[in-house]
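Before any comments, here is the structure.
Order as written gives the chain letters A, B and C; numbering starts at 1 within each chain.
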Amino acid sequence: MSFPLAFNAELFIQLLVSGITLGSLYGLIALGYSMVYGILKLLNFAHGDVYMIGAFVGYGTLQLLGGPLSPNIAIAPLIVLMFLAAMLASGLLGVVIERFAYRPLRDAPRIAPLISALGVSFFLQNSALLLFGAQFRSYDSFVLGSKNPEFFEPGPLTDPLFVVKNVNIQLVQVIVVATTASLMVALTLLVAKARIGKAMRATSYDREAAAMMGIDTDRVIATTFFIGSLLAGAAGVMFGLLFSQVFHFMGFLAGLKGFTAAVVGGIGSIPGAMLGGLLVGLAESFAAGYLGGRWSDLTVFGILIFVLLVRPTGLLGTRAIQKV
Amino acid sequence: MEAGGDRQGIGVDDWVASHEHRLAERAGFAGLARKIDDRVPAWARLTLFAAFAASLPLWMGRGDLFAYGIFTLIYILLGLGLNVVVGYAGLLDLGYVALFGFGAYFYALLSSEQYGIHWPSAISIPVVVASTALLGLILGIPSRRLLGDYLAIVTLFFGQAFVVFVNAANPTVAGVGLTGGPNGIADIDPNDIFGYELISRTQQYYFILVVVLLVLTGLHFLSESRTGRAWRALREDPLAAEAMSMPVNRLKLKAFAFGAGIAGLAGCIFAAVLTAVTSGNFGLPILITIYAVVILGGIGSLTGVVIGAIVINVSFQFLAPENPQQNARVLFYLVIVLLLAFGVRPWWRLGVVLGGVAALGFAAHAVAGAISSSWTAGPVVEGGRLAGVISDWVIIPAGHERFANAAYITLVVLILTLTRVHGWWRTGLLVPTLYLTAVVWETSFVEQPAVARWILFGALLVFLMTVRPQGLLGTPRVEIV
Amino acid sequence: MRKALIPILSALVALTALAVATGTAGGSTAAAKSPTVTDQTLITCGRTRSLGIAAPVTGAAASIGSQQARWARFWVTRYNASHRKTKFRAVVGDTQLPDTAQAIQVAERLASNSKVLGMIGPAGSQEVQVSTAPLRRGGIAFVSGSATRTSLTTDGTRRGYFFRVVPNDDQQGPRVANYIRRTLNHTRVAVVDAQNSYSTGLSDTVQGILRNAGVTVQRESVNEADTTDFSSLAARIPANTQSVYIPWQLAPKAQLFGQALRSQGKRAILFGSDGLFDPDSFKIPGSYVSFFPINLTSPVIRAYQRGPGGGKSELFGLPSFQAADVVGRAIDKACANGTATRAEVRRFVNQTNIPKAQSFIGFRIKFVQRRRGVLGPGDMTTPSNFGIYRISNRGVYVRVS
């Protein structure tokens, strides 16, 4: 166990920045989990793979528009287009999955849709493997939009936007955090004020009662999946922009982190998902930074287990009242 | 597709109201399985299974005995243990595979060169089983405070923590890395019966079979005992159980301990059979497989777990890429024809569909060949006896890589659409769908059988769950606590 | 009764099909109990010979395992295209690294497959560990292109069965360590292992040599397969570190790590091991990579790029191509009189002597018979003239040593 780095501001800020960026990503994925769980009490294990498909769709869009080394359009509209394409594709995919793999299992024991979700996950992962191959695909985000990409000159995404105490904060990191924050605000407003949002809340409280009140629960559930998957697609593109490499297995890993974040934050709660995501991201970043690879993962688990033991329904989860 | 007859109206008798449900239960293949399960007494089922299993080494080669026989038995054992935790007590334990790993590693430490300890199995196995049960007990302690998905996540952490601990942390104890790090522990002694070492695969197979039979018997009696009934009550309605003054917490801990003990036993056997253990053996993919075994067969049913393990392992191994592809192909087409025979009635309609597919195939092939010979120039991979027919019927292009991908995506869309339409639309759509299936098989799946089998496996899981959510022999309502 | 007839019939059909299928699935020709294939079993070679390939085609290591499988099959394709009287057939087993349970099943099955005369793989050192017993019992020779743990050959338990066409950890390590110390003259170095078998062996060796020579070595560890955010690891490397040795296997991850270092303004150069030699994915200018002393523009590599590589060279799989060549040649020699035993094939593999001009990895291929120094039986005799390459400003690999 090496702890050689005394507290210095530069390291702390670097880790803080990475942690917040990573945490935003996890939070977005966690949001999808939480929303679906809130409405259906279902752990959608295929969610991570929807995120992976979003990342690939973003990559595909990038390729269609010239590829990372020689894009046909300016970088700002390019990124917007990638986001839109990925979000749309993921949203639709989420709706299709719900319709075919989960709707028939609405009244089945809770573990059946879990296995169905696993089946969908295997199917999506390996379909991606079949269609795209096992090789990593790169967004080349480090040099995206740069004047001299072959000379490894950093593009505008990774050029530092500000510098705080020697720590570079990159444009892409700001984009990720800002987009996540705005998506979250939009979602909160939607759920609180819009009609569909109210319908979603009603359906998650009591599906039968909502149906009796004239709410089309099928449509509400489909919308929930659409929004949740849309967010996952956005997260996928963000991952590509931050870390360049997309591969068929990435959904599995990220899905686990997102699921962890959702539960730790209080599953079913939207601000909880975001908070959980930030917690997981910061814990990972600081543990890896201060403790090094051998013990960092275990420390993160320890922190999260501690949080759950102290607050058994997650940070912002509501205590479930059991009706007799 | 409701799985519970709980929409009774006021004034309607329960029994009468669930009549439809009972009829549905008894129909079809699953109904047949259920009939066997109900009418054939437990000891007869056990004997049948034992007889069939014991005959395996007589007609299976060594390689197959290992993959199909030994590994199926190990999965049965793991499934039985998980069944106790999930099926009997209704606790979602996602860290179960770590108990399996702990058992394997502990056995390895006691029977290898790692520390020079070589205890005979008669001592090491009970020690390992007991300690794993104890660890399971400790793992169950958070279940007092945590319910449902929160317990799931904490157990998941334990599972992940075990893998990380064993692989990366690997603390140095008495001068040697305890768990061997990424290299794991190798040169593990085989299981031995009071000194007689079990080296050949046949010996190992029989030993594991005996163990499995003993565990099955034990669990059967346990399930009929007071504890078993208490578990069932706990699973059906934990609040009512608590109100009836059952020691709920103690029951949960007991379930964890029993399940863990069985996992430890499986671990000992696994380590001895593999002769080396690394962290990669106990990751999430294994956990998912064990869960699939339990759920497919039906939670709470011993026969179900056995059938689930057989179905999952056999189908998975059968599609392994090193098997000659012509066998997989024959089985693939056979399964499709069987599904059609089940699904398409009356018989003349089936004939129309099959005829249409054949006709479409030859026609499309001819058209493609006319456009350019490269469209039909691709070779049939390992065609065997059917090679001639296939190369004239299925479009297999040489080059045109995008074609295979496009065919695959179109096929998925078509299959999904098929489930939504009815009547003649469905019959009509079946024809191109079936042809595309053959195309996808011949162009993509035989090229990449390793990937194909995961795709088929995933699709199988979804299909099985949507068609029969409670698994083959499970009880209809099992709520996770 | 009629209603029950169909389910019963179909169940019977399914069971029978299952029994027949599993009985013949192993590829053995007899449906009844087939005699176990041992190394003395005489096998008729026929026109098409079978070559076993064990590689992680799916799973966490799929990105590198599939490269190995593709290169090995490429050898088969080239052989079949250039030979008329005899052909080879590839029997690929998916070992799904890091789950060694699959590796042992593949080993058992390939060993029982009476047509398979020799094998390439397995890829991981821990896979070799579990596959040894079944492969030895089947008497089959297995040549790996990537299992580098030294003890696999030096402990002598696999003599005559296991061979490798890649230098082991104790050969590669000193080569790199000496280059860093003597040629680059670095005194502050970091070593990061990837928490897998390949990586920790090399890291320990290099760390040991450098420390003994007085170089300051900071040892770090990261889970290469699961990590994509390397900024925390990069943050741990102080700004005055001169180079970072990363014996990893996933070139894209190394690229990410390098980018993270650059984003933090750190100037340490990366030094990769042979697992990272991938001009398509690892392109950080100024980095070094050690690899076989090959000609990057050789006709074989170009042909691969045009063919299965789809434009990429995927050189991680190149040693598997060489391994296929070694086994293929041995099988051809053993089958010269129409029949062969696996023992014969093993003997011919052991006696391999491919001159440098005909080898694809820049070494003469000859196997050590007896243990000497860090070489064990099965290692190549050619000492560690492993090449050191530097990545130029335009991402081109140039050999510098």
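List of remarks:
The rule we apply is simple: contacts are C-beta pairs under 8 Å (C-beta built on N, C-alpha and C of every residue); 3 or more make two chains touch, one makes a residue touch a chain.
The structure displayed is predicted, hence computed values, not measured ones.
Think of the whole protein's Cα atoms as having one middle point; the chain whose own Cα middle lies nearest to it is B.
When the interfaces A-C and A-B are ranked by C-beta pairs in contact, the top one is A-B. Note on chain placement: the centre of chain B and the centre of chain C lie 30 Å apart, centres being C-alpha means.
Between the Cα centres of chain A and chain C there is a gap of 35 Å. Separating the centre of chain A from that of chain B, both taken as means of CA atoms, is a distance of 29 Å.
Chain A has residues 126, 129, 293-294, 297 in contact with two or more other chains. Chain contacts: chain B has residues 164, 168, 448, 451, 454 touching two or more partner chains. Counting partner chains per residue, chain C shows two or more touched chains at residues 57-58, 195, 221, 223.
By the touch criterion stated above, chain B contacts chain C in their complex at residues 28-29, 31-32, 57-64, 66-68, 71, 164, 167-168, 181-184, 186, 201, 270, 274-281, 283, 285-286, 314, 317-318, 320-324, 327, 330-331, 334, 338, 341-342, 448, 450-451, 454. Taken together, the chain C residues at the contact with chain A in this complex read 57-58, 60, 62-63, 65-66, 192, 195, 218-223, 226, 228-229, 231-233, 235-236, 250, 252-253, 255-256, 259, 262-265, 281, 283-285, 310, 312, 314, 393-395.
Of all residues in chain A, only 37, 43, 96, 100-101, 104-105, 107-116, 118-127, 129-131, 252, 256, 259-260, 263-264, 267, 293-295, 297-298, 301, 304-305, 308-309, 312-314, 320, 322, 324 touch chain B in the complex they form.
Across the complex, chain A is touched by residues 1-4, 86, 92, 142, 145-147, 149-150, 152-154, 156-158, 160-161, 164-165, 168-169, 239, 284, 288, 291-292, 295-296, 299, 405, 408-409, 412, 416, 419, 444, 448, 451-452, 454-455, 457-463, 465-466, 469-470, 474, 476-480 of chain B. Interface residues of chain A facing chain C in the complex, by the touch rule stated above, are 2, 4-5, 11, 14-15, 18, 22, 126, 129, 133-136, 138, 142, 150-152, 154, 158, 160, 166-168, 170, 239, 242-245, 247-250, 253, 284-286, 288-289, 292-294, 296-297.
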